[in-house]
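First the structure, which I've put down as structure tokens, then a few questions once you've had a look.
Chain nomenclature is as follows: A, B, C and D, assigned in order of appearance, with residue numbering initiated at 1 for each chain independently.
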Amino acid sequence: MSPDLIDLSYLLAASLFIIGLKGLTKPRTAVRGNLLSALAMLIAVAATLRHQDIVGVTGLLIAVGIGSFVGTILALKIEMTAMPQLVALFNGLGGGASVLVAGAYLAGKEFSARVASGACFTDVLTATAASGLIGAVTLSGSLVAFAKLQELKFVKDVSFPGQKLLNLFLAVGAIGLGWMLVTQPEHAQAWYWVMACVATGLGILLVISIGGADMPVVIALLNSYSGLAASATGFVLNNNLLIIAGALVGASGLILTRIMCKAMNRSLGAVLFGTMQSGGTSLSDEEVYTSVRSTSADEVAMMLEVSQNVLIVPGYGMAVAQAQHAVRDLTNLLLNRDVDVQFGIHPVAGRMPGHMNVLLAEADIDYERLKEMDEVNSTMDQVDVAIVLGANDVVNPLARTDPNSPIAGMPIIDVDKARTVIVIKRSLSPGFAGIANPLFAADNTLMLFGDGKKAITEITKAFDDA
Amino acid sequence: MSPDLIDLSYLLAASLFIIGLKGLTKPRTAVRGNLLSALAMLIAVAATLRHQDIVGVTGLLIAVGIGSFVGTILALKIEMTAMPQLVALFNGLGGGASVLVAGAYLAGKEFSARVASGACFTDVLTATAASGLIGAVTLSGSLVAFAKLQELKFVKDVSFPGQKLLNLFLAVGAIGLGWMLVTQPEHAQAWYWVMACVATGLGILLVISIGGADMPVVIALLNSYSGLAASATGFVLNNNLLIIAGALVGASGLILTRIMCKAMNRSLGAVLFGTMQSGGTSLSDEEVYTSVRSTSADEVAMMLEVSQNVLIVPGYGMAVAQAQHAVRDLTNLLLNRDVDVQFGIHPVAGRMPGHMNVLLAEADIDYERLKEMDEVNSTMDQVDVAIVLGANDVVNPLARTDPNSPIAGMPIIDVDKARTVIVIKRSLSPGFAGIANPLFAADNTLMLFGDGKKAITEITKAFDDA
Amino acid sequence: MLFSILAVQETVAEVDGTVETLAKVVSAVTEAVPQSGGAAHLILLLTVFVLAVFLGIEIITKIPPTLHTPLMSGSNAISGITLVGAVLATGADNGPWATILGFSAIVFATMNVVGGFVVTNRMLAMFRTKK
Amino acid sequence: MLFSILAVQETVAEVDGTVETLAKVVSAVTEAVPQSGGAAHLILLLTVFVLAVFLGIEIITKIPPTLHTPLMSGSNAISGITLVGAVLATGADNGPWATILGFSAIVFATMNVVGGFVVTNRMLAMFRTKK
């Protein structure tokens, strides 16, 4: 295949990536969009294999085979609730690949020939260094994020005085080493690996102090970085496709990061430096929880029987309890009895954007029943019973009322304005933000303590018997 | 200025064009968006002037001065109602510039040097020919469109048997001449100008047989072509900025064309070949207009007094009568008396997309009162009085009821479903599509015959006196 | 790529004329500018074009019908970007005929550009909200 | 540009060595490939990058919150495009160390790519409407 044909194939692949991403703008076309992106990747790799310089295709195919096999197994075996971890892991692998590719380039013959010829090629070296640096931070940062999300025991939240200073020091150091690489190409390999090690350390330290629930933001950001690393590699290899695909991913990660930060009403800086506004004047648990009333599954079933509009607000607890299938059964039962059921999905409910949607879709709940926050808030006064299932921060009215609370100003789902609120959780313990929730003690709230899945199953049973 | 700096300025200009176009997505940011686009153009031209090859800047500045002066005068003096003509004229000038630039390139020294050197550069020649061909068609086509819209006497609808065949022949001829140009660069100039003449003839013949009201579609299409011509020029001159700006314009023209065709329920082919489905079984005027009832301004004023919701549906007649300011006065008066006034804007009301919006905005009517077709149709049953002001085809219920009518299937504003309809026009003569309108004879319709502006002014006066 | 090779071939042929030299120069150029030649460069330009078309479609479909007339005149003004081409064609020392053509091209293109932006601005200024 | 000139300079210098030759070759290359040199080429790549970023922003902001998790895993899979780089780095005859690095890079990148697309597909398949 002539180089021009390869270039044209790359252009085709880039176009398919774009069309594929466009497909994701509608649930109806999303599956096809994803397949188009996969096809684009296939075309890109196939075209690359036809490159005249490529020797030893067997080895390549073995590597591809191993990677595909492991990747597919992981992707098929994973529980839907473990999605955040999986994305973190894959992201780390992508970063690792970047580091290795740049390293391989520096170890290769073409590079040594160029260095020997004494030609100056600062731009290529800069891009190599950038791709290695970003890749290493992505690799280690993502792996730490993975470990935290998977709740691996050996990873603890580490924070010590002077940590920010150390991070700054490492960052400057890594950039400095990259600079040495560019200016002394004859020792490029040595500088490169030292830089990669420092950047790896930086990635670990950056992420280790960030709270587990902030991980999705970190992952989105690291994903954006890995896109930029791919773009940088594209500048190194003079390859359009890498530049375009990398830029698309970079944009996607940045936008997701912004959406999440906005929905949590926190600045990106606050997330990255692991700071939560300390809840200055926030009330203590005793003060808040003076008049908590609890209820039983039977009582809830009776209330549902006389309701017309039911709103279910799921949160991280639904994921923990794996309650989505139980919820589906309850929903179908209610719909059969002419009770209208809607779902109120907060943008940062759960642990990654769209987390609840995926779980509910897994349980075969029609996505047209899933409403966004603004939509349900505007019709909240018509809701007879709002069931809060393992959600906490996203329905905490303090966000509206207490300007000193750590979640002050975060938009929430106003379930407290529904006629009756049922909150299903195991205890009065706080959610991710670590603050008490006055909703639990409100006059129109009843607590149903217990595991989410068990509670819903009991309600369904009681309702069916009635 | 070094070539690289110029290239960077071009990149900046391209980005500003993109950001400028993005500004047009919201009325609030649109003015700034347009200014950004203008700034981008300024940067592009200024950077080009710093090009090392540029000599004799004085001559250039004189040319720019003349062009700016004439352009500004035209832009400031023109009536808002004459906007379609003006766009057609400007578009033609752009096409003409393309033809001249490509011609100048072929007449230049760089070109002759290249030809003398015997080097083969098919791609550049192809792009030159394409830019000349498209430019010439755009030039003559736009000028004919201009003449038709301006209703210049000497331009008649011309159609004769075998016209399509002749067009095809000219198109093939022009492309053949372009091909000669590419294969015989030593006679490039001769081939070029013959090709330009043939293409000019083609442009005239293509447009001369198209009905006046279809001109906006033609203009949008020609605008798209002129964008593509600019892109082709960019390939000739190896200039990114031309390629990007041209592609943006090309996309814009194509999308506008598609929107208009869709709203008229006609295929692009039908517009271009000047065919209107002949209204086979459509009824004659006598059959339709058996029970037309007319009314007076005083009567209308009395009806308005007891109304709560008034819908005004403007059409091409409002533009002809220049009635927008009178409409504003009536609207304000009604609003003062607590009558709610909305405007129903059909996508192809008037003679170009968004035509009515511009006129009403000129008269200072808040754009939040201007509703799109679907929105007003969904609330039509709450409308007490619908005033149809110089609109005809866009409110013709035949589109829904008569599958043989030329406008069958075109979505319309369903004013016939309002409680009372007032139609203001000068006579029972048809609109652009040339068919009778049963709305005028409907039970709930009253005709108010007369010039649009005069009628509205009289209603306002009667209403104010009451 | 082709051009550079041809040009280098000629020049060097004048100077030396041996086949070996030609081969060496050609391979040197080929190695040094592996991607900058005719077809590869053309594909790069094509990539830019394709991306810009995609981008144009995304943005334009977001523009509301209210602003379609200004869009038409505004994008028409942008299409006057051939002005840059006109300046390049006129400015170089290219002989009288080319200069005359270029001069008229500039006049036409500037009318298109300046007139287009001014009239678009006039229209858009009317759309400022009145609240 | 710089590279090509330098490379041509060297090769020709070996062959002939006279200053005139150099000058002639350089000017020939400069004329023949006026835009394909280092910095100009870089700017072209930069243009591609900028356009792709704009396009990415336009498209991504249109994706509804419902699909944000699949978007995250899907775009993560796309970022595995470094796979192409890995193949290029491994495939060339580059010595054992580079080959080992490249091999591992391919394994990692393929896991990212294949796993990412498969899991995204699994998620999206759940979103098919049930009516």
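Just so it is clear, a contact is a pair of C-beta atoms (placed from the backbone, for glycine too) under 8 Å apart; a residue touches a chain by one contact, two chains touch by 3 or more.
All figures in this text were calculated on a predicted structure; none of them were measured in a lab.
Engineer: Considering only chains that satisfy the touch condition with chain B, which of them also satisfy it with chain C?
Structural biologist: D
Engineer: Based on CA centres, what chain would you say lies at the far end from chain D?
Structural biologist: B
Engineer: What whole-Å value do you get for the distance between chain C and chain D if each is reduced to the mean of its CA atoms?
Structural biologist: About 24 Å, centre to centre.
Engineer: In whole angstrom, how far does the Cα centroid of chain A sit from the Cα centroid of chain C?
Structural biologist: From the centre of chain A to the centre of chain C is 41 Å.
Engineer: Return the distance between the CA-based centres of chain A and chain B, expressed in whole Å.
Structural biologist: 46
Engineer: Mind pulling the chain C residues that touch 2 or more other chains?
Structural biologist: 3, 6-7, 10, 35, 41, 44-45, 47-48, 51-52, 54-55, 59, 62
Engineer: For chain B, write out the residues touching at least two other chains, lowest number first.
Structural biologist: Each of 18, 119, 238, 240, 244 in chain B touches at least two other chains.
Engineer: If you go through all the chains, which pairs of them touch?
Structural biologist: Result for touching pairs of chains: A-C, A-D, B-C, B-D, C-D.
Engineer: Across the complex, what residues on chain D touch chain C?
Structural biologist: These residues of chain D touch chain C: 3-4, 6-8, 10-12, 14-16, 20-21, 24-25, 28-29, 31-33, 35-37, 41, 44-45, 47-48, 51-52, 54-55, 58-59, 62.
Engineer: Sort out for me which residues of chain D touch chain A in the complex.
Structural biologist: Residues 2-3, 6-7, 10, 38, 41-42, 45, 48-49, 52-53, 55-57, 59-95, 97-99, 101-131 of chain D touch chain A in their complex.
Engineer: Note which residues of chain C are touching chain A in the complex, please.
Structural biologist: 34-35, 39-40, 43-44, 46-47, 50-51, 54
Engineer: Using the touch definition up top, name the residues of chain A that touch chain C in the complex.
Structural biologist: 3-4, 7-8, 11, 14-15, 18, 238, 240, 244
Engineer: Using the touch rule from the top, collect the residues of chain B that touch chain C in their complex.
Structural biologist: Counting only chain B, the residues touching chain C are 17-18, 20-22, 24-28, 30-31, 34-35, 37-38, 41, 44-45, 48-49, 51, 53-57, 59-60, 63-64, 66-68, 70-72, 74-76, 78, 80, 83, 86-87, 90-91, 93-94, 96-98, 100-101, 103-105, 107-110, 117, 119-121, 123, 219-220, 223, 226-227, 229-231, 233-253, 255-256, 259, 345, 347, 352-355, 357-358, 361-362, 364, 366-368, 370, 372.
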